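Shared between the two complexes below is chain A, which pairs with chain B and chain C, respectively.
Up next, the complex of A and B:
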């Protein structure tokens, strides 16, 4: 039932999303005085890593086996283990609020892991139904953070 | 009242992150709970439903199933520890347990590594340095120089002649049976050295080799040590792990049969001395080959071993609890004179694999029944419904028995094996049942080659 694209195990995308690799890349950017880089992965997908902000992508990092809850809502899962951040530290407002409409691939929250901030994406377009993690709480890789009611 | 409440534990940390999975994760968790310590269990995506999640204070998935992205991912483990407020990391066995870089990173992060100092792991990981340290401490070693083989083949040939054929060439950075080659004649030496050197360079990152006398019919006997950070070290007894297939232990027992007490005591004391000399801390195992009444050091494992329960059963000492106490900075409270081996213990490693082809058998366990009764212990994380992952080691349970004598322990293990039922996947239970009827094994008259020969004979 998932529309998420499968990622190959050990792919370049997965390696980049490895926390250690991301930490290194952010360190290199900061050392070099570079604000951000864009990386095109093997599937032709674009990922942007910003020093001091974190990484965002056009969908890589999402669990390809996302399931559907009993009431039909789809989970949006944490891409890494870390602390759930409903609001990006550099911004004032949340990316999305409960009850609002979200687009497929839209960033709806973040997970903070030390200096890194990774986006949580909506798998599909729909309505943000629920947030099941407490702000600041520890979430694991692949844990459900939001539930989205898919658009008809 | 728990050890924490009594003020015995908790000076340095009150929460332990357990950086492992399977039966050992549950074993360490149990020891932490007994001491009143909080536990943070990490898991990969494949282990989300691990039964020990319900008894953990915190349970966090740190990455995908591939070990490199989860259990071996140092950054992810450290970040999980920091985020969860853990003060110590217990590495269990395998994965990061003997990684000196990880031990150092844990300490650098201001956390406690439940294990020896990184320097001791590094020394013992280099087999040449380890052998040199053991010779200095008076621990008996296999005949052969305590230095790397020179590049010049004429010098290598001279060393082999001095030792006497057969010799074994080993990678200095190897271990666990990898990176070694036996040479029976001088004519085969040059090729063996060059091939092993290339394998060592590729597999272990260093082409350094060393050479030793190849013992033809040894047994694998090991000595368990426990040391604190206050200069105290004791040895807790010896074990026999000769039942191996491709260097993987299948059955272990304590004490090792046929090892005279006075010889074991002398070697055990030297092992404890060696620990004091190198500033060792925590638990460790000195592995020896034992042939014709002599011990020959082969390597030291700087971690908790899979087979530690047989020593727990005979010594009555909870090795994991002691390990955690030592990590708290506490002195060990056991005097050498108080350590006694009572009775006899066996451990069977139950693996999810075909009993005779050894092909891995991942899948869902549809039924699981384990034995119980006096002198029977089962260390396992599985039950009916558990899905054995193809991503990890196939060990699903350890059956451990204890009885007053070896003969009684053999009988108890046969009953325990008969009372074990695991369905839905293949296991090596049939292999254990057959082995416990083998006359040579039952009399303790075997060597490290026995199991492979016995398996070959069964095929014919």
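Up next, the complex of A and C:
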């Protein structure tokens, strides 16, 4: 019996690491214009497969919050994968602009997901320093979208 | 239970309307923007036709007496929950004693507040809509007043992200299906009606001129002002059935568009009928606003209706998936 080619033979991780499967997934990603995909397995293992690179597991190859170290600015992250919307589609102005003060828990941007809209919120009060995602671009779950300089 | 702390006049309980009793002279009532009401209900996990609050005079404030989920759709009223700003077209879990405030919108006319489980007033003839003219339905057949308390049905909240979530507003999600003008005039699609031919060449100006929504406009109908359009020769008509969307031409020559609380019968000649799928846009138009009628077809109206149905179905099917996705992330 060939391991990893049938359901229930080997863990999901093993199945995904099967080179044939990997190749297929990478092909799908490239076809869909997606750079990478993260897969959480039953055991809580996190895998990231990047088109053109292959797979890495348990965060290897990830850039763990490079933003955090940038002058102590804190990230405001995408709550779900989707399209970044700096301005709510029913409004003309953004909820917060670069340089403005934001409150803890304040909604400062949005992610559009099909017909729905999810909020990006500031964890802590501070000053909105930067927006690091392009309007309309695809953002992944947990991607940093805004940088906030915490209030003293 | 919710408690109204502050309200202007004419804010009512509405659902999608009361149908099947027009032959007995019962108006359909129902939300002026049925699309906003439907989206609000879907965002809180209800069927799209549950009873909600239609708020058209501001400021409006209410307090929750128990944990529940609320959605605010329609006009952007800069809603605030305990002072915290909420985006428009938004659903959020709320706790007992929290206060929700709505301010006068800068655009559009009416906001809808939908609650998980719906407003629990007794249905009358199959609907919870308030008939202000009939004095029945909704809350004792009247508009809301401060200190009113309303029951909400169902078992309370359903899984929501802590900062809430929203729906893409129909103006954005359905942009390609609704015409817009360069100068901000609302374009309303209509089809020539029974007595159209009696207006002869005059009828052309019905389409070409820009009409202003006069101050004599309400949930019953919108009186438009503009250059009068007159019949080629006067006619006497027997009263006939009238439905929301019918555009009547009284002797003054300025049209009346029948809206949600439309009379069930009337004798004015009908020059046109607004297509049903455009009525929500008219329901959001404000007094003093400008509109222009665009001649449409049954095929175009049906295509727009299909797009609206697909939009609603997309929301209905995606909301539970969002809950599942978020639950998966919390486990992480």
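The rule is short, and it goes like this: the second predicted complex is superposed on the first by the 84 of 152 C-alpha atoms of A that agree within 3 Å, B and C clash if a C-alpha of one lies under 4 Å from a C-alpha of the other, contacts with A are read in each partner's own complex, and residues count from 1 in each chain.
Quick note on the criterion: contacts are C-beta pairs under 8 Å (C-beta built on N, C-alpha and C of every residue); 3 or more make two chains touch, one makes a residue touch a chain.
Note that this is a predicted model, so its numbers are computed, not measured.
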Pick one for A:143: touches chain B only (first), chain C only (second), both, or neither. first
Once the structures are superposed on A, label A:91 by its partner contacts, choosing first (chain B), second (chain C), both or neither. second
Given the touch rule stated above, what does A:105 touch, chain B (first), chain C (second), both, or neither? second
Going by the contact rule set out at the top, does A:114 touch chain B (first), chain C (second), both, or neither? both
Considering only the touch criterion stated at the top, classify A:82 as touching first (chain B), second (chain C), both, or neither. first
Can you list the residues of chain A that touch chain B in one structure and chain C in the other? 80, 113-114, 141
Residue numbers on chain B that touch chain A, as the complex places them: 43, 45, 48, 58-64, 66, 68-70, 73-76, 79-80, 82-84
Taking the touch rule as given, give the residues of chain A at its contact with chain B in the complex, in rising order. 9-10, 14, 18-20, 23, 80-83, 113-114, 138-143
Where on chain A is chain C touching in the complex? 40, 44, 79-80, 88-91, 95, 105-107, 110, 112-119, 121, 141
Chain C to chain A touching residues, read off their complex: 76, 84-89, 161, 163-169, 171-173, 311, 314-315, 318-319, 322, 325-326, 328-329, 332
